[in-house]
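I've put the structures underneath this note.
Shared between the two complexes below is chain A, which has chain B as its partner in the first and chain C in the second.
Up next is the complex of A and B:
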């Protein structure tokens, strides 16, 4: 216990020092992995893609039973239809994404031209806009179908977020996301790290808290609480609301930068979306 | 938590040990006498309510259903907190004792009103 706490304190000090001086994302990633390795001895890194079920052995049983008949299967099918059906102008998604649907591992990335973090949902809507199609909403609805299809097709690829050295904005965006993650907010005064680092593996009421490591590998996610598949930014919104903080705009700069940081932590972990959760 | 332990002065530790060794009642001074039954009921409601204290999110408390395990169980509070004011201060602003605390700052951030907080303190003190 003592050891873990002092490690955490060290880590927090290290992170705050890093954010002032030379930021090194690779050092961040390694210290967070080390923190979890020390806390959850014997759990291999590859298990973190399963979120809380990496260590919640009771919850894991019912989760595995659910995964036998995945509740997100319909979303994948509908998403495939969306992918294949031509737009009104005759073009398809393949005109925007020539590499096909197995592309989740390319996101988020630093878009040099637009000088911003590009996420998959945003890229999908930019494609639609360019082809005169209606924009999709970013939290609920049919965007989750196409995301589910892309996630499914990308299974087995590895998270691979790059922070290009020749684009200073990229590192700044990562730093911004990291700051967001460690900043306390809301009347209840929690940061993301309070729950998903400091208290990962502890129960808040009956909810076991998942580790930040692996958070992004399996989105979009079917949640029984939602009764639907939802996006990562929908989840961010929910987590902000539970601490009585005002949520930010889905696909706005704050959440995109947060996604950039959070996904970077999972570099090297396998993509296994879509997922299902409580 | 390390900080918390360091933060306790030597005399504070001695008082704590004395309180643990002596019967709980002897540590209760006149001004700290127990609150009325109805107030205690209200305090309990406030402490258990998800919209108000929601202490059960993190603490085990007698009679509370499916508590979390983020924080220490709340029991024998009179021996843990011989001085009720210290208990109130903990609930008012937990970051004073531990800047890295996961506990909401119930008073400072007005999660509870002063009156509500007093009732919660009375209830917790009765445990």
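Up next is the complex of A and C:
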């Protein structure tokens, strides 16, 4: 009898672990929100758009002071110029993005035609390519200006990542991004989740680790460490290097799928980019 | 007298081991670098290459070009281990397992 009970318990444990590993996106999101609600009691979900400053009260004071004279302001202005200045063929970004410039909430999304996750930087470059313009680099430089302008104009819109059920590739891309997020990599054997879920709020050297929830709402970000505004994929690159893993190509499949998963977690949260960070 | 014999023997042993260490050839270093590169590629094929593996191989190559085969061998061996561990790391997580702190 005891054996049967033990076997049943083992089966239940195995089944519950299996069900979460293959949970649907909404279950994943709720499970992670529940984790943070338990870890940081009393912090409303809407606060996570402020990243680490949702719970780092000392750091928040300096951050709020910085935000009074935002270091990304110049990038927004330059981005507006880019948006308005016609390409050599006379067309503008508005021809590619008729609903623009407040379009950040539409990205990333599953592009059915190209059967891949489409991110905003990639869409910007596809627009430029279609209009005979030089492609922008994906980590540093002027791409951040136009992204900063679009992010600024999109403030207040809500993250709304859709994983269409009639496109199996979309769910596969989401699952791929999720696997990336939970996979330990590099010489230090850390996963994204090790820092940004399990140890969110703990210190790593002098820094307080930020929560995965809300990570994507405030990009592009001016980082004091960079002395410039940088893209989300630049940040992914930095994180991978910090755990001593070889980073992947910005806007390559791995990082786009990771962005798809990570942004989905923030569904319903307000966009508040561009942001500033240490 | 016995002490003198002992000292002579120790000296001979020391010299012979030193000559063994110095006997790393260009061929040995080249083989080690090729092995390291193969392991690096294997780890990269499963998206699990470590940050410094390629850089270490490059340094090993540079050491070999300068004729420092011993250093080249040492670096190549380190890079090879990184490649092996990187691949094993990915294989051990082939199937996604959610961490226990998320299982309610």
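Just so we're on the same page, the second predicted complex is superposed on the first by the 255 of 278 C-alpha atoms of A that agree within 3 Å, B and C clash if a C-alpha of one lies under 4 Å from a C-alpha of the other, contacts with A are read in each partner's own complex, and residues count from 1 in each chain.
In this section, contacts are C-beta pairs under 8 Å (C-beta built on N, C-alpha and C of every residue); 3 or more make two chains touch, one makes a residue touch a chain.
Keep in mind it's a predicted model, so treat the numbers as computed, not measured.
**Student:** Would you check which partner chain A:206 touches, where first means chain B only, second means chain C only, and both and neither mean what they say?
**Tutor:** Only chain B; A:206 stays clear of chain C.
**Student:** Give the label of whichever partner, chain B or chain C, reaches more residues of chain A.
**Tutor:** C
**Student:** Have a look at where A:179 lands relative to chain B and chain C in the superposition and call it first, second, both or neither.
**Tutor:** Only chain C; A:179 stays clear of chain B.
**Student:** On the A-aligned overlay, A:198 touches which partner chain: chain B = first, chain C = second, or both, or neither?
**Tutor:** The answer is both, since A:198 touches chain B and chain C.
**Student:** With the two complexes superposed on chain A, say which partner A:254 touches: chain B (first), chain C (second), both, or neither.
**Tutor:** Once the two structures are laid over each other on A, A:254 reaches chain C alone.
**Student:** Which partner does A:71 contact after superposing on A: first (chain B), second (chain C), both, neither?
**Tutor:** neither
**Student:** So in the superposed three-chain picture, is A:187 touching just chain B, just chain C, both, or none of them (first/second/both/neither)?
**Tutor:** Once the two structures are laid over each other on A, A:187 reaches both partners.
**Student:** Using the touch definition from the top, say if A:238 reaches chain B (first), chain C (second), both or neither.
**Tutor:** Neither: A:238 stays clear of chain B and chain C.
**Student:** Considering only the contact definition stated at the top, list the common interface residues of chain A for chain B and chain C.
**Tutor:** Dual-contact residues (chain A): 187, 189, 198.
**Student:** Of all residues in chain B, which touch chain A in the complex?
**Tutor:** Within the complex, chain B touches chain A at residues 1-2, 56-58, 66-70, 95, 100, 102, 104-105, 109-111.
**Student:** Which chain A residues qualify as touching chain C in the complex?
**Tutor:** 16-17, 20-21, 23, 31-32, 34-35, 175, 178-179, 182-187, 189, 193, 197-198, 240-241, 244-248, 254
**Student:** Provide the residue numbers of chain A that touch chain B in the complex, in ascending order.
**Tutor:** Residues 1-2, 5-6, 8-9, 12, 187-190, 194-195, 198-199, 202-207.
**Student:** Inside the complex, what are the residues of chain C that reach chain A?
**Tutor:** 44, 47-54, 82, 85, 89-90, 93, 95-99, 101-104
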